[in-house]
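A, B, C and D are the chain letters, set down in written order, and residue numbers restart from 1 in every chain.
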Amino acid sequence: MSVTVLLFASYADALGAPSVSVDLPPEATVADVLADIARRPGAQLLPARPLVAVNQRYAATTTRVSAGDEIALIPPVAGG
Amino acid sequence: MSVTVLLFASYADALGAPSVSVDLPPEATVADVLADIARRPGAQLLPARPLVAVNQRYAATTTRVSAGDEIALIPPVAGG
Amino acid sequence: MNAARLVRDPIDAAALVREVSAPSYGAILLFLGVVREVNDGRGVTGIEYSAYEAMAHRELEAIAAEATDRFVSSGVVIVHRLGELALEEASVGIAVAHGHRDEAYALSRWVIEELKRRVPIWKREHYVDGTREWVDPANRLVEVSP
Amino acid sequence: MNAARLVRDPIDAAALVREVSAPSYGAILLFLGVVREVNDGRGVTGIEYSAYEAMAHRELEAIAAEATDRFVSSGVVIVHRLGELALEEASVGIAVAHGHRDEAYALSRWVIEELKRRVPIWKREHYVDGTREWVDPANRLVEVSP
């Protein structure tokens, strides 16, 4: 299956796009998404374990990912 | 000498006037002012030692009082 | 900067914020004390504030100056209203500004506590039953003078 | 009551105060985070705020709801601005109200700390030398992925 991963702020700059499409095996988890991202050009500018949100909630690396989920990498937040 | 003592809020209500004139001996102190006030009708509604300001500053009972000083009794404050 | 005023017209929140603003500040905090419908279980319809005006103004100015001395590079504006206030109207407005929020919160708190401790202002609450009473926040018993 | 919004227009301090007001409150506190001219010793000319908007809005609403749960009988309105901000403009406005000031201060502080901890909003500072940089408040070193 394929999922879209949203990128923001410094992460979008690092990977050169506001989102990327990631191919995943069935029964994939957030860790699989991160492993794919880590192989891409520019990913060396990201921390080893960036925060991830699945369907607009912070998720663990073990969180399951399904087709249609809204996945996002969350750079260090700086609101306020 | 004679000084005017300003009264406010519940103290003005108690003594029935916004100010009273007090006759004092030379070299008088705040304690002399309070002793005079305590003898007046309505003074039983005041605390034994009301706060006093002399020339718009909080004063001790030992503070000297001179002719022309601005003297005031200060009820419990309730600003804010 | 610091400033302090006694006023009879409604307190303008936006104007206080503008007045305390400057490019060196990262945090602004506005405290408003407002007339509420209940105090100590009694229904309140309004509050009348009065003051020993000359001394109250002097004390407010002293508090504002002491505040900006204690918290270096800060701004403080204190406004206290006098007269008859209706429910939801602000009796006091304290706008403070600082580079950082920790200091802004500490500063705001310090100012309101000092104001309540020492500024000669009094309030008489008007109750739903038509009675009026001077408020003693410390609930000190009125002692009989000897 | 509680409410939370992301906006692109300037934050209206007086409107936030009005929105959070009610006759049961005795203390209102408005916190404004504003763009300052210096950050970590560098001259700043403006800040650009961006967000993962859907999630940021959801988190802001969750914080406002949790705040009014933690502090019974309180009001909370949170507004965060996005886009290009000039010096002295407010990026965030948090209006809280409670019967008493102790709770109002605690509530205000809790909301801003939660907001800074978890709401997916980012800022890029523009410096006097013409450069721009994303701000990492924790100053975490950017680690190289394995």
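Definition applied: contacts are C-beta pairs under 8 Å (C-beta built on N, C-alpha and C of every residue); 3 or more make two chains touch, one makes a residue touch a chain.
All figures in this text were calculated on a predicted structure; none of them were measured in a lab.
Common neighbours of subunit B and subunit D under the contact definition above: C. Averaged Cα coordinates give subunit B a centre that lies 25 Å from the centre of subunit C.
Each chain gets a centre from the mean of its Cα atoms; for subunit A and subunit B, those two points are 74 Å apart.
For subunit C, the set of residues that touch two or more other chains comprises 33, 112. Contacting chain pairs in the structure are A-D, B-C, C-D.
Considering their complex, residues 12-14, 17, 21-38, 87-88, 90, 99, 101, 104-105, 108-109, 112 of subunit C touch subunit D.
If you check the complex, the residues on subunit B that touch subunit C are 6, 8-10, 13, 38, 43-48, 53, 56-58, 70, 72, 74-80. Listed in rising order, the residues of subunit D touching subunit A in the complex are 33, 49-52, 54-56, 58, 80, 91-92, 112, 115-124, 134-138, 140, 142-146.
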